[in-house]
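Following are the structures in question.
Shared between the two complexes below is subunit A, which pairs with subunit B and subunit C, respectively.
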Partner chain A sequence: MIDSEKQPEIKRVEITVNGKTVQARTDKPLIHACLQAESEVPHYCYHPGLTPVGSCRICQVEVQQGKMPARVMVACRTPVAAGMVVDTESKGAHDSRKECLEFLLKNHPLDCPICDKAGECTLQDYSFAEGQGEGRSVEPRRKLEKRKDLGDVIMLDQERCILCSRCVRFMEEVPETPQLCVAGRGSHSIIETWNNQPLSGNYQGNLADVCPVGALTLKSFRFKARVWNLTKTASSCGECSRGCSTTVEVLRAGEIVRIRPRHDEEVNKWWMCDTGRFALDHFAEVDRLVGACMPSATRGWDQSPVEDGLQVAADMLMAAEKPLIVASPWLTVEEGTELLTLGRQLNGRVAFVSPAQNELADDLLHTGDPAPNRRGLTDLGFEALSPEEILSAASEHSSILCIGERVASLLGEDGFNSLPSATRVLLFDCALPAPQEGGNSPIDLAIGLATSAERAGHWVNIDGIRRPILQARPAPTGVWNTVRLLQNLLGLLATREIQS
Partner chain B sequence: MSHETYLFSRMAREDVHTLKGYEAQGGYQAFKKILSEGTSPTDVTGIVKDSGLRGRGGAGFPTGLKWSFMPDPTKDSRTRYMAVNADESEPGTCKDRILMERDPHGLLEGCMIAAWAMGLAGIYIYVRGEYRLSYARLDEAIQEARAAGLIGENIMGSDFSCEVQMHKGAGAYICGEETGLMESLEGKRGHPRPKPPFPAGFGLWGQPTTVNNVESIFNVPFILERGSDWFKTMGTEKSPGNFLCGVSGHVEKPGVYEIALGTPASTILNEYAGGVWRGRELRAWIPGGSSTGFLRPEVIDTPMDHDSVKAVGSMFGTGAMIILDQTASVVHSALVLMNFYEHESCGQCSQCREGTEWLAQVFQRIHDGQGRMEDIDLLTDIANGMAPGKTICALADAAAIPTHSVIRNFRDELVEYVQEGGHAAVSKKRSLPLEVV
Partner chain C sequence: MVVVQRRELTFWERMYLPEIVRGLVITFKKMFEPRVTRQYPEQAMPTTEVTRGQPRLAVKDDGNIACVSCGLCEAACPAYAITIDGQETDRFIEREPERFDIDMLRCILCGFCEEACPKEAIFMSNELELANTTREGLVYDMEQLKRSTSTLQPRIDYVRKINDRW
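Let's look at the complex of A and B:
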């Protein structure tokens, strides 16, 4: 997925866009240079990641070339030429766009108040910026299917569709699984799947992103939220070692309602897979491990504040000869660094859980390796051990510290149960392991951690590209992030060493 | 009325569609001469260029100039193609059909000369699906010519090879647009391609391609045989030669006539087509196929050539005249045309997809007596939003031009429709007493 943006063979010519001099790439249409010059050019059918077709005709700009008089033309199908003078704000360009919008809105249902796209719909934006206040058509609007089910992921509203064909081209060009088409002709054109079959594949969610209007919406997001109520934070996806750049969108109450790809030329371009997009369960509030927990003498868990739990943890770790420290591959580089310090302090063996390759790998983005920071931890010097290797190694150690998001589920409940009862097990994770009858739990101490949506740091992806994760929402009260937890623990250990 | 004819010259003989009949009238002589004398391709193109032959498919682009746009074979070794546009579907136009049905070898000879001139590896003839006889006759002609060594590998024992294949259209008007035609030939939907790139650089399967109309190609052997100076003796200075004029509508003798370019439309109407039907008065006429718009009777003396028709605000187009008599309604005719364009728009471009539908809807309302005075300005604005040159291909222009022409030339009739309550009222007023035929 590494793009050629920085590679030398790209030819550039100098053009002028709204008075600004731009070095325009000759392999890209004029609109690319205009957008590069930060001149807003309305566009629907044009998407930087897809072949331009020049069919929506909205991206009209005024171009003056050589001695020829200035002409209004579509920027997405005009090749750049040295010396072009482009005016995106000329009257002719605005008039042409206004005309075009009147046509696009002629049959549009104008159901923005109930449309999920409202607020991030470019038909809305450009109509507001360029269009006229009132439509002049008195003809009845086209009646088409408003709820056409396209499978598990996508719902199609044919009335809202402006037939830009981005979805058709996306399916053909990106995952290379052509499934959508424009059926019918002229004003009878509609978007359809072959024989009304449901869509398939792991990249369907992108259709809702490429759709410039509210025609293709995510079923999981329909009627969930108004987009202007969402707080958006840049982050990275943790579902495989690609680490696609994402935007995490949080509703006012703190619920993560949507994860969308964020343009990243080197990692994922504009796309992400559905596995990553819909991995919202990991951020759900149920089963969160809050504060510190120790198995109760009667049943369930005894809860205490994190500070108390850390005292216990320090006791246990100090008592151990050579603890086994097991990191989750979701640990960030920063957390890994702290953990290595802890390992040195305790003279322990430090490793991370290296999960097995899954069957989700494809040629596009998904690597099939569920460990998002494998590269980062390996580079830091962590040993990679499979869950089985960790469990067999654990029997050689008097205590084991498992730390990081999803580390418990990677090792498995049976894995913990198989450990010798003499082994002290410390688990720092986001989710609470299944409750056990009093005294029976193999876990001696559990402390809650912030998820990757609640803390900041960096992961290094499969290609060695370092990308940030940022805090999209605050962690629940009584939950610390890993770095704070480790630094406090290190502090405690240091104090005790001095005291002894 | 008498002038030199050549396009129809061979058709008196019944069997001219066979190789025997064609050769008996001097057929394939021009092609054989070029091949035996080894006339250089540049010279052949030069002769066609010098003749001033303008394309007969509608736009009137000089054929020889179009050929010269093909890249130089010494610098660009890609395979080259020609597509012959025989998807004649402009309403009112029926000239290419006559040529293919009666004289298919004439077209093939033109094709082979073009193949030599442009170094073509293959020629595709895209025949309108409904033209069954044209297809059958051309098919037979190709087989005969191939058997006679005039088509295929090592033509007439030379190094020169060129294949000719036919393709049957499936009834879409848009596939007559040159890039839509190429898409269709490639097996895709007939969605016209944005230009640039132009076909001469990036055509069929990305190879250099020229698209020519049947009648344009049919002219070529005559020019090669008799010279470009002979060709220029006919027609006008800027539009030399004869053209096939399909006259239809309210005329006594509808048909396809071979006429020198520059002949006044009134002469064609009165002397060839026998005048307006039953001696009635002329209400309106369309000079060159439905997309060229409606003209008033006052300009019926306009010479039929590219520049003269342009001067009266229309286009020569395919030279297919449609005549409307005094009882006919321009608004109703415009509605029929708008329904046609609405049906035939491919739907890629926003303006054309929505605009053709909108125009049809507004004309329908005016026709039905629900028109408003402001609809006339609305029609102008819709048409201005669609054309000129605002869409990928010219279909939007083809719908906008007749709309503009109705408003410019027949505004009175639109007003009459709005004020008097639509077609029922207006046509009643115009109807003539029943005649016994």
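Let's look at the complex of A and C:
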């Protein structure tokens, strides 16, 4: 569970950073105050979420305290004291950082053209900003293993490693499953797993994020895209009710190639689990339900535009006595509000599918509840029903409208087949249901919806924190988002009521 | 309205025939001078290493493409003509292009790709001709772009010479 640490009071002292006065927290190192004052201080081993160790020595700044002459010191291991005068841009600090950078680059291979980190690598950035054009070293670079397999998620390139030990500390401090270590001494140090065992756990993906260089990379992202070609959109993860803040990265307005955590102090801090990070299959373009589909006389589906499908849907819903309206827990608050309006208009029973707890729950982030907007829908007044309860309730209704991402899969593969054949089933989902042999499909109408990467809205997570999802890429042609679909359906129903 | 003032013709000009003869003298004189017109498709313009023709990808002597799909030419291209997707290989340099497309209709032959390339993999060849009946046919893929290093050698030497200047 991520709780903000119980700190009764945060002590602050006044210090000066580059002529700017800041109220610096005494429980944080000096670099925190420098970054807070918007002074850029290069840092590799310092990560705000991990214990500072001061191993890379790049964050050197000039500090003057009292009557002592100004000294250059590492900002990540210096506690703040009242009256400090910090200069991050002094000649002394620059020179020390430059020398330090030269040593860091001494054994770093010139891999930038093939490195996945290139473009978001701070070593690259600071080398460009402050480093020298050419190395002076005449000795050859260290030759180490370039493709070390660290399990299913991570690939290690030992040559690129600058031994900042962020990965070691991450594994020790965040999931608290120490698996990595710095083996060897001095210039023979390398990052290794114990006995070369593969990494395990549900938080390995974060290693690629904490690594400041391209040493630890994601296997799934390996050589897939250059980072400057990615369009990044702030969003939220939909794999559990934690709803971690994420960045969805899309290559050329098409494929989602990477999902990364976004710093959110209240929800997920800097981390996210691998379940959410690698849940890219749900956004794949295959088997998408596009437009409106009705079962054809033979095996398969008859396609029609969404507008025509909505007319059919309106007819079916008008004819229904008291329809059961089943929402997916992936529905946003905005869509839930529209659906409640529809429920009132049709005098139907409105519920959402409440999937069973899965075994992925842990103490850190994953809640084990695969319903991202459970809290939001419950607060709106939706009934939470398990898939079995929904199917047994559905047999009492003449028609059932299932709406939202993954709602069909939540109800189970044979869910609709178990219903009485007289029940009309309207399915608004992202994925195309499997066609039935001989045209006796239980589904009477299916209309495609946009996935959570293709629409905008809000989810409320398990702690009641409201977080946005944003449109990361355009929906396929002929696919509407849920709000537009529901508003059009409401319009059609209103027209029909007036006419009748 | 503009009134055009024409020059009055002289007596000899009004006689007509002497002017015809004068013109024919020029014509016959030109017949015996060296010709400057080039019969283009049959006689192509000679190219040098400075000729900045269409970009082509260098294939090294071991048969592997020199490109590592770093994407710098794609980023440098002002016309967004280049699209690259990378993939992993077993070779020492772990990355190679899976797809390397240049839309020749977009390419403006500026040579920025050649300048940006850190791997001596893309060069402005001496190929100048470009014709097809469809737009799709002019989006060249990797196989159409591959040229052996020996073909591109004069240009490679020239680019090295230019880069050594600074």
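As a working rule, the second predicted complex is superposed on the first by the 490 of 500 C-alpha atoms of A that agree within 3 Å, B and C clash if a C-alpha of one lies under 4 Å from a C-alpha of the other, contacts with A are read in each partner's own complex, and residues count from 1 in each chain.
Keep this in mind: a contact is a pair of C-beta atoms (placed from the backbone, for glycine too) under 8 Å apart; a residue touches a chain by one contact, two chains touch by 3 or more.
Because the structure is predicted, anything quoted here is derived from the model rather than measured.
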Superposition on subunit A - do subunit B and subunit C clash or fit: fit
Partner touching more residues of subunit A, whether subunit B or subunit C: B
Touching partner for A:A129 - first (subunit B), second (subunit C), both, neither: neither
Partner chain in contact with A:I162 - subunit B first, subunit C second, else both or neither: first
Subunit B versus subunit C as contact partner of A:A234, first or second or both or neither: neither
Partner chain(s) touched by A:R147 [first = subunit B, second = subunit C, both, neither]: second
First, second, both or neither for A:N107, with subunit B first and subunit C second: first
Which superposed partner A:A81 touches (first subunit B, second subunit C, both, neither): neither
Subunit B versus subunit C as contact partner of A:F223, first or second or both or neither: second
Overlay on shared chain A, then closest C-alpha pair between subunit B and subunit C (Å): 23
Common interface positions of subunit A, toward subunit B and toward subunit C: none
In the complex with subunit C, residue positions of subunit A that touch it: 112-114, 118, 146-147, 222-226, 228-229, 252
Complex interface listing, subunit A residues touching subunit B: 53-58, 74, 77, 79, 96, 99-100, 102-104, 106-107, 136-137, 139, 162-163, 165, 182, 184-189
Of subunit B, residues touching subunit A in the complex: 172, 189, 194, 196, 342-358, 361-362, 365, 378, 381, 384-385, 390-392
Interface residues, subunit C side, partner subunit A - complex: 68-72, 74-75, 83, 85-88, 93-95, 118-119
